[in-house]
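Two complexes follow with chain A in common, the first pairing it with chain B and the second with chain C.
Let's turn to the complex of A and B:
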């Protein structure tokens, strides 16, 4: 108990509170700009942390990353341009709600359930950190392989287009992920002698290209959509309580899935959002409404990506293993500030740990008022003429791509993916599945090849390790279920012997 | 405090967003006797913001700024697995205003045929850090000391034991190859499992997927502190003062093999001698400052100083050793 009060005292210092407030605003702004990700927001904070006290330094990173993940929803919802990769899974859904005149409901859902997810993730950290860390430590490359395959399968579940086109997009993404020398063999592939391709295709330029630049290109070639009726932007939080009561199960499932995926090193908020959105659609009573502006998927995946953010700190704090790119940066800061990760952090420096928990909860609470202000400011873009918004977005895309590595090649990549995304969308290929392929590609390959090296080319460990067996069963089950369902339906249709029954089913 | 953090944020953003070639707009007008440096410097980092090399470069830049009285802007030039940034340092204008942090990869990349660049393309200014790999096993491993592990490796059929900690042909892979060769074994007697860095390797070690992780001790520190892994030896000429309980390979096994990763500051060729002397002297003062040693200690990074020629020698030696190890492992481009 004294540790708790000591932790509270550590947080209630002027410098810590100012650090939280300043980094909250900073995170909201960076996250809402297309092309600047939550990871980049965190990386840019590192030089600032040199000058801060230990608790204030960690507070800036926790606060800025939580805010950035939420505020990535804002441009996704208003302009169909996700601010961070974690928002890409449900961007189409949120934008559809905006077109229906429910922008405030969509944004409020993102905000409210992000905050709930963040707090749920923190509670998991508080209560179950050691137990969760044990689970994470039992994951070897065999388990990651199945997890990555499950992630890829979300492409077909999430897409509204034909599954064949979704799979084609995803495979194209996998092909892009083969570029470079960051593969298990360490050998350059598809680089055509270009130095810039050695490092491979990063997901961020691809994401910015296929979503933002292709949107700008569409705006050039298509007539302006009918303007939304001019009206006062309604209450943002109204209706959230009703949604909470209406969708308690998706919310809880989002929290739990987010916590589990966050704890697993290497699978971060991006994957949590995808899996949760797919699960939500799979188990929904009204799956046909998904993609038409239905809040259920937003509830689940919005909670999920913020929950994963907090639980990603579990392996980082206990074993110094990063859960995602954000905690990878945070670990460096923890060491620098003398808060060395390890079990002793939880025992000998318990007050510092409590301080971290309090900061997590505080950040998720102030997210609500600050988020409301941010949404209100951002909503003015809905009233601005499209001709003045689009050039600014194009500029932001170029600057954001350049800023990640001061490398002009990234800007060219954005342009390339913009063109590709435009052509794909025109022909009904979902670009989100392409991004998923690029994000998951290296994980699929890496886990498969290293697993085979470890097992001396035997595939048995993919099935005879306990966790691996369960994941394999889920994967194969999910893969074969549509086929089985189709066969059963077909047999039932045959049984009454209705002559001339058409057998063609569009399987969603 | 608030102003400070705001300024820091804006400064960092501007520094990253500004084109590499753009200087600081507030360059002072040249006075009667222009002394080096009379305008801001730029320090190129070939790796991404937020990593260990980036943090080291930023602390050096901050302290160098105090020594030289001019801002030192850190610019991350990533891409091409380090090739892009290293090229940018080598091709910069040799006026002393563009320098960069050079990492051990410069001794490896050209052997793989990834670039023409070698250590000979730089003016070395000072070595700032060196970390030797340890030999880590899981806490549940049957090998309690390095002798038992060496015996276990010799008696196991080739390829049975597995090691990990970086990608194929990465620095820790070559450390393992060098050690196996020093024991008279084939370079692939212990099979290498490529991973995305030391942390996933350490996790797989504890998960029971692999047997050995030869990464640097700071990278393994959290797992060592947690009692999940043991470090049996360090591949260095002497014990690390921060980890005095870990014996060297030479004293515990009688195998004289050592290697290390290092980071140093360098610039393009043909820099004026006066500039080189000023920068090296300033770097030495940075190295000896309390702030620098405090930072390095907190991150667990090893301290090692050498002046320009000394750093050049370290680079040349590493280059030769890496060439031997990479040829043996079949990683060089014919």
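Let's turn to the complex of A and C:
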């Protein structure tokens, strides 16, 4: 109980409250601008967090990401252009509602169920994390190795892309993490004689490059989105309670699916929204209404993407394994602020953990009034031409990267990773897998080499220990799953063909 | 920058080969079999394997279409700007310019030049681009230098405050 009060005291500091308010506005604005994702908003915030207290730093990340995921729904609903990838799954549905004259209902649904999903995700974090921490205390380097590899495999499995390309992206990320002296042997690797590379590739310039610079690059190669027509909105929250009572099951299913996908290392809010929208259509009593402006899918996937945001922090806090790209950034901030992820965080820094839960709940509550204001001023914000936003984003990339170590080499890294991210995305290589590879590379290598040294080069202990064996089985299953899916698809395709051929023969 | 799977796959195979070669050059650790070469070696072999599969277009059927919402029938689709593919590479070039010029020109002038370049390329009029090129660097300078104490170089132009 004292920890809870201490957590509350930590949150009620003036600097933390200011950080929450400022990052809420920032997240809402960035999320609502088409093409600027929640991950980008978070990556550009990191240089600012250097100068904040630990709790204020974490608060900015939590608040900005939650707000950005919600406000991504606004341009999706009004312009049919998703503000963040997490809104893409149900953009068509929300826009169809706008065309039916139900823009208020669609936006209100996004807002209300985002807030509910966010709170459900926080509750899952509150319940699951300390319970799992008990189990995690028994983990050794063998389990950590499999857990890290499983995290990487999940990122490749859910990547809506060719699994081969996703694994290649992940390996590329791991390769970048090999650069420098930060390896168990302490020898400089792949530094090409450059002193700047001795310290390795910092995740932040890579993240800023991949998520922010590549967005500016894309904006330069695409046509300007159409301006938003000015309109007056009626009550945003009217009808939300009725929807909550009408669709309790889809809402709960959205929350639960979001939580599960969030906990899976590497899978984030966008995946949660896609899966939940598909599930909603599959289990709906009126699937024929989907795509015509039916709120059911919006309820489920709107709750799901925000729920996954909070539960993504479970593996991040427990093992230092990111639940999604946003927590990949958050882990760096946690380390920097002395809140090193690990099961002991829940025993030794329990008050900080309570503070984190309180921030999550607070962020989801203030999302409702601030979201309503944002929806009302959206027409003005969305009128800002991209030619006025992109230069600022590019300058923030340069200055933010420089601020990580007062070193201009970081700016070069940002340019390199921006180009790499752009080219990879254009060719179907998922960049989230690349980023997770960079973030988790040293952990994978450390646990792999330490385990091999402990076992005297035998690989049997990787499979001997009970938890290790289970994790290994799941990982290998994840690796083989695409092959199995391909075989099943092939067999299904062949069966009707064979049936058709024999049918034709009989007729002939 | 759309490249064929054959090209990207071959690049991955080549990168994997270079990685394996680089790993073989790593010095061993005396008294231990597991040295700094093991992990890059595994990655290099993995990249070669994945590269070959990509080049053979295995797994291609799993690729989902872009997240971009397809146009509705009858909807006017804005045409991409001229030289779209090449314009995309302006931002990294401007970052290189920033790296090379910021020490001598100073943050304000370099940032103004970058801002102008991006706005004009995106088709902004002078009445938007010019005030932005003055205000955006000043605002960022105020936040990062005054508030966050990041030492951005002054160069040719030192602010009086």
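We adopt the following convention: the second predicted complex is superposed on the first by the 275 of 508 C-alpha atoms of A that agree within 3 Å, B and C clash if a C-alpha of one lies under 4 Å from a C-alpha of the other, contacts with A are read in each partner's own complex, and residues count from 1 in each chain.
Criterion: contacts are C-beta pairs under 8 Å (C-beta built on N, C-alpha and C of every residue); 3 or more make two chains touch, one makes a residue touch a chain.
Bear in mind that the values here come from a model prediction, so they are computed numbers and not experimental data.
Engineer: Check the residue A:182 against both partner chains and state whether it touches chain B (first), chain C (second), both, or neither.
Structural biologist: first
Engineer: A:347 contacts which: chain B (first), chain C (second), both, neither?
Structural biologist: neither
Engineer: Can A:265 be said to touch chain B (first), chain C (second), both, or neither?
Structural biologist: First partner only.
Engineer: Is A:163 in contact with chain B, with chain C, with both, or with neither (first, second, both, neither)?
Structural biologist: In the superposed model, A:163 contacts chain C only, not chain B.
Engineer: Thinking of the overlay built on chain A, is A:137 touched by chain B (first), by chain C (second), by both, or by neither?
Structural biologist: A:137 contacts chain B only, not chain C.
Engineer: Kindly classify A:2 by the partners it touches after superposition: chain B alone (first), chain C alone (second), both, or neither?
Structural biologist: The answer is neither, since A:2 touches no partner chain.
Engineer: Tell me which partner A:388 touches in the superposition: chain B (first), chain C (second), both or neither.
Structural biologist: Only chain C is touched by A:388; chain B is not.
Engineer: On the A-aligned overlay, A:220 touches which partner chain: chain B = first, chain C = second, or both, or neither?
Structural biologist: Only chain C; A:220 stays clear of chain B.
Engineer: Looking at the overlay, does A:403 come into contact with chain B only (first), chain C only (second), both, or neither?
Structural biologist: both
Engineer: For chain A, which residues belong to both interfaces, chain B and chain C?
Structural biologist: Looking at chain A, the two contact sets intersect at 47-48, 50-51, 184-185, 187, 399, 402-403, 406, 449, 453.
Engineer: Please give the residue numbers of chain A that touch chain B in the complex, ascending.
Structural biologist: 14-15, 18-19, 22-23, 26, 39-40, 42-48, 50-52, 60, 136-141, 180-182, 184-188, 195-199, 265-266, 315, 318-322, 328-329, 332, 335-338, 340-344, 399, 402-407, 409-410, 446, 449-450, 453-454, 456
Engineer: Which chain B residues qualify as touching chain A in the complex?
Structural biologist: So the residues of chain B touching chain A come out as 1-2, 4-6, 8-9, 12-13, 16-17, 19-20, 48-52, 54-55, 58-59, 62, 74-81, 83-84, 87, 112, 114-115, 159, 162, 164, 167-170, 191-196, 199-200, 202-204, 206-210, 221-223, 225-228, 295, 298-300, 331.
Engineer: Taking the complex as given, what residues does chain A use to touch chain C?
Structural biologist: 47-48, 50-51, 80-82, 85, 88, 91-92, 95, 160-165, 167-168, 171-172, 174-175, 178, 183-185, 187, 189-190, 213, 216-226, 270, 385-388, 390-392, 394-399, 402-403, 406, 408, 411-412, 414-416, 418-419, 422-423, 426-429, 444-445, 448-449, 452-453, 457, 482, 485-486, 489
Engineer: Given the complex with chain A, which residues does chain C contribute to the contact?
Structural biologist: Within the complex, chain C touches chain A at residues 1-3, 5, 8, 12, 15, 19, 22, 26-27, 29, 32-36, 38-40, 43-44, 46-47, 50-51, 53-54, 58-64, 67-69, 78-81, 84-85, 87-96, 98-99, 102-103, 107, 111, 114-116, 118-119, 121-124, 128-129, 132-133, 136-137, 140, 144, 147-152.
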